[in-house]
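Mind looking over this structure? Questions follow.
To keep things simple, chains are lettered A, B, C, D, E and F as they appear, and every chain counts its residues starting from 1.
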């Protein structure tokens, strides 16, 4: 019976690591495909608007204070 | 039986629109009375202090930051 | 029976005020001991950094706004 | 080998039914509408994602001991979530324009005709044998015409839990579609001259009136229509916290952390009713159809009431603001403003339209109360 | 015709009992005291509005499946709401003045005499046959003298749920009335010379002491009086989060969003106990009467203890700060400061009074623990 | 006299068992680690204080009708608290580095070997007759190697509630010890040259990719491994709220008020499992021992996978970032960065290590799903 427990553990380990790798491999493929599709349909917009975001955030914060 | 359902629906519609109008009419009357009473006992204080409110809100926000 | 109720009340009052005083006396002793131990092992650091705290709080608030 | 079979049989790909696949697509559509089209995103994103979670095969999320089912039981069957949201709406609503011009309440009353006409329509479908809606279900469908999300969810939770998913999706989708649905109806029912009518500026409203209003509102509900008291009561409570000026910290939390937290859980809980069995039903199509009828009739009756009041009133009333009586705060008021601007670039109707707009919230809560009283 | 009859019979005007009408007036009075007089508005506004909702005839709000009854069951019968509020109080309380001068704990202890004297008073009324309070009910009434809202609600929820409404209303009303109730008693029991006593400035308290204090407090409770552990434990936990410096985000949320949300729900839940049947009872009058006795005796015993300590202490103690021992944080400390300033314009007692003031919170939590232990 | 005896017998000093005294010391140690050593303070302070409360003799706090037991039943047995925390983690996590370099997911996969090796270790102890862990218990112990608190609590709550206290304490303690546990292993398995490898800067990731990622992640889980859907689903939902840009108010509340409130209640609820009977057991020692083995094996397999990928990849990969695959966000990524800087002062690995770091969160949620599926 104890041996059976170890066997179950080994099975779970194999199945577990297997599924983790299969799942993450599929995820890598899906992410890569997604990135290619996105970059095809939407040429590089860049993330250069970080500065704007920050200004918008501060403006929003001030508005928030005024509103309260 | 189906006819009865339609009848119930018509009844509900009449009663419903009736009650909505009665209720809101009473509310209009109550609000008008209330406004008159208020303006009698409390001559126009105006809402000109919007600017003050804003300043107070900003001050409160700053205080809040200091307190944290 | 009513008399018994009053007796219970008197008992509870004695026990209650007694326990409140015992507990708070023990707490006074514990706090005094604690303060002495702390001041022995940790010579006066003072609380002069209140100003710093305030500046840090304002800085944190600004960061918070930028982050949002 | 046996192991691989077991994993394969545990996978979603193996267990997924056609209905679940369709529902996943529908939920992705809701997310698209919320995120890209910005249709009522607070609710469509949460409902849509809740719907995705609910249609994952082979795992208890929207049923049994699952988290979304827990949210549903705790928050929707008790009515707690929509009522707390309504409290938040009260805390965020400025009833000033309504207080400045109480007559606009009649516009909010008229627009509720959409609710009852749709109720009748749902019963008509049953009469024709096309659908099989009970009176309770018809009432819950009609409330879509109230253009008020929490009211619709509250009523559906009480009267027709099985239709909750479809009703909530219809209510929020059409609220988002107000800028498309309303303008043609408004233009068809008004003349160019009517749309150009300018209205006199609203009087200022004192703080005392603002504080007394929610209390007067609640007392009238208590005297006239107790069955509307939970909804109107929580709305009035939120508004009292907002206006009374002595519990600002409670009002702030109600408008921010509390309503946000409850919105997340409410959206997920509503999403738990988007299971394939419940949603993929011909009734859903009827509900979607009846919902747009409800919005249209509500808009029309609001505008017609505006025309009527303009005729008999001393002060001119632009009938466009009647369309705002359906609620859909503040979207419908903005639509009225925009259509007015198109006709007359100097015509700022926004504040005038806010009166019927918030009146519509009260009006549909009253209608909800009547329906719950009648069908219980 | 039949229809109109039905609507009329469903209306509040038709169904309302005299008791409900009286309760609506009483709740309006609570709102007036909260909003216009600014008496403990966070609780009187929420309790008052909850009371209004609870006295609307013909609809389940404070009973059965109603929302306020739900809040009551979830939050008060379990003790969760008052305990979470107590955690928030801990997170908002600065125990520094107490740490700087631990002897002021005795002032907080003496002021608890009001609790036990009132307990005896309630039993005396039963003995005289005027009232019919059990020991548990008398204990719950006595705790009003603790001048601490969440403690009173916690104890009443455990020992006398039927009296909860009256006890909570009495506790918060009298806490608000502290500036009226206390000064005459304080002046009657002290000489002009005593009121002029200036006290030496408090020493600075190190961060280490502040962090250790809640832990020491909890451990002592664990060793001496476990039945006070829920209340004192949550207070200490909130204070540890405040002072430890490594969980500021939890402390901030506890002091803001969390305590505000729970305050709203607690207030509404307490309001659900303001139904006519439970509140319009001669017992309520006795409770209101006993409550003011409790406050007065607590104030007096605090001041007398201050006089005693001043006589035997090396460092001068102004007996006025003894009155702050009833708790009612921070109102009672401000009152002590104000009465001191009236006698001597250079006499700033505020920080000295904060010591007994927070000691009073601990003292009444300890008293609550004893009462729960004795009567269970 | 009798009275004093009764009070004495009600005191904690009289009732305290040796086990409770030991547990109080252990909980003080947890508080020390959290406050002074700043080890995962958000959880160790709340768990530690909850543990103190739970070991006070003679009062129901962690059992029966006690508040902490209530939190445990409401939040842990239902899985609600860890899932809501996971939603908050999703709302706070930037998956950008992972999207910029998806291959780093393999590092996050490899590091999960620690989980399964530990599972086998726990079963080995049973085989040797030293311990008596069932398969479910062994699985719950293994998940400590996931270095992810909410996942460990979620799994333990489902599979081994009796071991929850020890597992949570082990998980958070070792997460805090990552800077001590990992560097020796990382240095032993890599050459100086490998540690000096610089990596090319990550590409920018568009908003569209960020929005699509949580949806793609959820759909893959739905198709491949439904049993991981609750955990991954809530993580994805939080991240979608963060990235979609239209529900910022929900995202802000999730990242602040909501996650803070739930953290407090979760910590107290976990603390309620630190009772002497459950915690003072030889199993706790085994769990602590197995936990550190789990962390070490996870670190080692992440690094070895990094070496392997570096050999076969076109672009150079510094194997140190593999150690970040255990999760312990963001501590493990910082450790990888620091060890890299020690070898090469111009080597900024932080953003590169964030990819495997967040991949580790997904990886252990997937492993959790498999374990729950297999053992249910």
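General observations
Keep in mind that, in the parts below, a contact is a pair of C-beta atoms (placed from the backbone, for glycine too) under 8 Å apart; a residue touches a chain by one contact, two chains touch by 3 or more.
Please read all numbers here as calculations on a predicted model, not as lab measurements.
At the far end from subunit C, in terms of centres built from Cα atoms, lies D.
The chain with its Cα centre farthest from the Cα centre of subunit F is B. In this structure, the chain pairs A-D and B-D differ in their number of contacting C-beta pairs, and the larger number is found at B-D.
Note on chain placement: the centre of subunit B and the centre of subunit E lie 34 Å apart, centres being C-alpha means.
Separation between the centroids of subunit B and subunit F, computed from CA atoms only, is 50 Å. Between subunit A and subunit F the centroid-to-centroid distance comes to 18 Å (mean Cα coordinates, whole Å).
Contacts with at least two other chains are made by residues 221, 224-225, 252, 256-257 of subunit E.
In subunit A, 15, 19, 68 are the positions where the chain touches two or more neighbouring chains simultaneously.
Of all residues in subunit D, only 78-80, 83, 211, 215, 218-219, 221-227, 229-230, 233-234, 236-237, 240-241, 244-247, 249-250, 252-254, 256-258, 373 touch subunit E in the complex they form. Subunit F contributes residues 98-99, 102-103, 105-106, 108-109, 112-113, 115-117, 119-120, 123-124, 126-127, 135, 138-139, 204-209, 212-213, 216-217, 220-221, 224-225, 359, 362-363, 366-367, 370-371, 374-375 to its touches with subunit A in the complex. Subunit C contributes residues 2-3, 5-6, 8-10, 12-13, 15-17, 19-28, 30-32, 34-35, 38-39, 42, 44-47 to its touches with subunit E in the complex. The residues of subunit F lying in touch with subunit C in their complex are 3, 6-7, 248, 252. The touching residues of subunit D, counted against subunit F in their complex, run 10-13, 15-16, 24, 28, 31, 34-35, 38, 41-42, 45-46, 49, 52-53, 55-59, 61, 65-67, 70, 256-257, 260-261, 263-264, 268.
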